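So, here's a batch of structures to check.
Each of the next two complexes has chain A plus one more chain, namely chain B in the first and chain C in the second.
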Partner chain A sequence: MRALWSMVLLPMLGSAAQSPAWVQLPGSDSFESVLNYEDSAGKVSVAPFELMALPVTNADFLAFVIAHPQWQRGAAPRVFAEQRYLQHWAGALELGAATLPRQPVTQVSWFAAQAYCEAQGAHLPTWSEWEFSAAADATRADARSDPTWRERILSWYAKPSREALVEVGKSTPDVNGVYDLHGLVWEWVEDYAAMLVSGDNRQQSDPDLLQFCGAGAIATDDRENYAVLMRIAMLSSLEADDTTVNLGFRCARNIERVMP
Partner chain B sequence: MSHTARISLLVLAAALAVSACSKQESPAAADSKATAPAVADTGGSLKGDFGPPQGEPIKAILTSPPQVPPPTNRTAPAKVIVELEVIEKELSIAEGSTYTFWTFGGTVPGSFIRVRQGDTVEFHLNNHPDSKMPHNIDLHGVTGPGGGAASSFTAPGHSSQFTFKALNQGLFVYHCATAPVGMHVANGMYGLILVEPPQGMPPVDKEFYVMQGDFYTVGKFREKGFQAFDMQKAIDENPTYVLFNGAETALTGDNALKANVGENVRLYVGNGGPNLVSSFHLIGEIFDKVWYEGGTRFQENVQTTLVPAGGAIIADFHLEVPGSYVLVDHSIFRAFNKGALGILKVEGPEDKSIYSGKEVDSVYLGDKAASMVAVETAAKSEAAGTLTLAEQIKAGESLFAGTCSVCHQGNGIGLPGVFPPLAKSDYLAARSKQELVGIILNGLTGPLKVNGSDYNSVMPPMSQLNDDEIANILTFTMNSWDNAGGQVTKAEVAAVRAATPRPAGAAH
Partner chain C sequence: MNQLLRPALLLFAFAATSVFATPAALPADSIYQLESTFSDQYGKQFQLAERRGKPQLVAMFYTSCKYVCPLIIDSVKGVEHALTESERSGLAILLVSMDPARDDTAALRSVFDKRKLNPTRWTLARADVAAIRKFAAVLGVRYRALIDGEFNHTSALFLLDAEGRKLASSARLGAIPDAAFLAAVRAALAPPGRELKKPATH
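This part shows the complex of A and B:
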């Protein structure tokens, strides 16, 4: 029965979903992260990597759960995906009329997103990879010092997620050819749980024990970077089984793994 | 065991026996009754724990501003469940201007929470699924690190729960403490929680909830359309708006607070900030009591009280006379140029013995004011029927100095091009006594030519002058500054006045 479903659905999906296009990013030896890494004065090394040009869509993810039934809604264990996992779909293998194939997939847990990327021979981007990519605008690899770059992020923050999500790839691509890093959905990163932000913003001088273990106990006093820090705060508020209506993902992969 | 110690023990045993007999009375009530007259303090949080919650859990009544939940009317500690929802929504900040507020309960300020000292509060913070941001809550009424902030950090579409015992009585601010805190607060994430003293607050007729906040938009004050948050203005502490209850129109027009003469009114006033301290003042009233800083003690007979950012006050007052009373931040440009203004509309009967309304509206000239002796003399002579032309002129001179000389000048020559001259005036000479009386009673507006010069200005009706006064002023004018002379009597003025319909709204 399931095989039959797949045979019926997959040809349809083939027309709706493009195979993910990967974009090469050069990385940097000393990328200035907003994360206040104490051992490297805030600089991180980002090796060259590849990133999906588009966020993963509903159609992409449907193909994934068809191929990996253990990740279907209702089948995925609760500890890996909370009760709202893919709840906006009409059924476990059916998007329904209200959910468009080309909209970014949301209501996916970190575990599910990571499983998706692994199935593509990839991984969720690390925060550094994501931050490096998201620093770009349409003409510059690092546009973060430009107030318009920040304003664009903030104007998205200012809009609650009441409207239906726009389809992926409708925005202007950045200088690397990547779409929708800003202004569409939040995105999971691989090491989100290591960037611990205290739930209480004011405990900077008294970080709790967890923060000592985290990769970056961050200071939120840099007003130029507060737009990015709000993203980190957002990710910090989540558990790995959590899902939200405006949180999706895309995958990254290492250059050396790419088949010639 | 010493003698003294034994006595103490006996007293203690007696006290225990008494409290055991009166089961209805909470330990707190008994405690406050026993110690109220003598103690200088409430004991703070050390004496705020009245034991475990009693009875079934109670769901807290939350209200939107300017409403306040009813008193708890409880005498024992309870478990109170608070469900507060965080909603990010676009709301009006001024007529035709909108802003994306982040709210506790859908309003700015957030829902008012009312509990009793000693209550155990089970707090549920629900972040709406449509939210973009994670949020949390720091209640200043919580004893514990962060005031609940770290325990309530909540992703969109999620819910957090934590429990605290309200050990300190008072009026407390709550607010969001998620990074960047200032931005979350500037977007409206604050409200008030009242922790009633064990005996409750003294009863009043009306209670209102008002909270001040400063807002920072990229656009100017009252600029139309959607307004975005301006971080730089917030850092510079240069607000575009300073508002009560989150909108310029929140407490004006149809939204004005309403009360009646004879009522006791209480305002619970908070200040969310994020930056400014409020000099809270109610124009036309004096606060009979102010529980300054939201604490236990009250000050009496207060005109203006400071409400710190992240602080609150309680103000009581009794309403004697009707009218519109204006809530302002008396850092007064904020009131008139940034929106910090609200109205308390009071209805009921006038009481002229307390406030008369306007009784006199006259020009005040300081040392230019002439002695009114001549006026009194003329009035006496008139009554006796012995009024002379000289007396009239003398009285008229005094009255002219008081009312007319501001425009026509003391020497009657007016101001060229603005106020026409009365001295040697061809216009005056060409008019009948009745016409001249009419001009004083009704004023004169529009173009006219006097002594060859054109004038086009406004003389307001001077109908507040009585018949006597007008007669004397005109007689003085006709006999001064080379005018032709003549005399106007009180009866002549009365006749013209009687024949003149008073336009609606004319002075007095």
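This part shows the complex of A and C:
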């Protein structure tokens, strides 16, 4: 039995081992987010960080659930992953013929994605980290003012999602060496739930308006960036146990500060 | 392996590896599945699964909050006051801070004392940032830290059953509890096998 396991698994683990290649991103003291945060005048500070060059693949995730059985389909508690979790795989430890090892893993919940990243000593990128990375194109770190950058995203949205997912790394890398931030799958971010929390209403007279506490709000008033706003709206509609057929993830990690 | 023996062995293995031996595995939809470590207003550490056994009111707050958070405590107290003494004694209350950077044990303790919370029922708790994010995620609470130290957040009270499963929630805050939510709390506190009694008159 054990020999059979290694025959099946070793080739997959071999391909997975090449996958987590990390790319350094410089961050910015005043990155202009599409989310026009009122409390920070629309600018966010993004510390230098590392991002996976590729989305996490089925093979990567299979290696993870082998090492962490509590995240196998059928074993992961319902509170962390809904029924559709990894349902496109043939079995708990088997991708099957219809699922390619190098396709991005999808149908994973936020909890499962977060657990994967924690197992790599990493975390899901914050929205700011993701947005900073995704502003790049093949030649520029911030290509967002170029209409062709937006057109590319919108043309992906227009593509039917029934088509099989392309394998990771088949697109042109951006100027930082990151692949597939646009055009392949949606990606979880760590603070997916934090983006559209608004703080406008604090009147105590109306109980329906007492949803929010604190000062400052997010104004999403940049019509030019509605391609990115669509992504925010989609992520904000999710619960942490949700999975979808075109929602995957990649991980980010902090850069260890090396003293000179 | 013997089909009957296997669950028994699994159970034994589970109990043996757990410091606090538990009678059965948690339900798959229990938020007590979260294994993070929390600490209370006295600095005592605990895990959510240790709170099995009693229905529990849960909410998130932070101590420096000027607007809604004092109302969250008022709201829970409102539920508390609407219950009979015997109902109250069957209820646990857990408020978790979303501001672990500033809400240390002393800050929790200070609010606990100032608001004269009953230590047999109430726990104010903190955990690290990653644990808090997961805790908010299992509840469905959304929050964002603002630059000035305040938070934007959705506010709700949640009712959990004795196994940590969500039974009901109420986004309506105030000293007078939401009637449907209060009814759910009463139903959860009713002794098993007995019909819910009419609301007590004082």
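What to note about this one:
The rule is simple: the second predicted complex is superposed on the first by the 216 of 260 C-alpha atoms of A that agree within 3 Å, B and C clash if a C-alpha of one lies under 4 Å from a C-alpha of the other, contacts with A are read in each partner's own complex, and residues count from 1 in each chain.
One rule holds for everything that comes next: a contact is a pair of C-beta atoms (placed from the backbone, for glycine too) under 8 Å apart; a residue touches a chain by one contact, two chains touch by 3 or more.
All values reported here derive from a predicted model rather than from experimental measurement.
In the superposition on chain A, A:W110 contacts chain C only, with no contact to chain B.
Legend: residue contacts after superposition of the two complexes on their common chain; A:S161 is shown touching chain B, with no touch to chain C. In the superposition on chain A, A:S171 makes contact with neither chain B nor chain C. Contacts of A:D191 after superposition on the shared chain: chain C is touched, whereas chain B is not. Once the two complexes are laid over each other on the shared chain, residue contacts for A:V79 go to chain C alone; chain B is not touched.
Once the two complexes are overlaid on the shared chain, A:A233 sits against chain B while remaining clear of chain C.
In the superposed model, A:D242 makes contact with chain B only, not with chain C. Note: residues 197-199, 202, 208 of chain A belong to the chain B contact set and to the chain C contact set alike, using the contact criterion stated above. Listed in rising order, the residues of chain A touching chain B in the complex are 84, 151, 154-162, 197-203, 208, 220, 223, 226, 229-230, 233-234, 236-238, 242-246. Those residues of chain C that touch chain A in the shared complex are 26, 28-31, 33, 65, 67-69, 71, 130, 133-134, 136-138, 140, 142-144, 146-148, 150-155, 171-174.
Only residues 87-90, 100, 128-134, 136, 138, 145-146, 149-158, 177-181, 183, 228-229, 231, 235 of chain B touch chain A when the two sit together in their complex. For chain A in complex with chain C, the residues that touch the partner chain are 39-40, 77-80, 110-111, 114, 118, 123, 190-191, 193-195, 197-199, 202, 204, 207-208, 210-218, 239-240.
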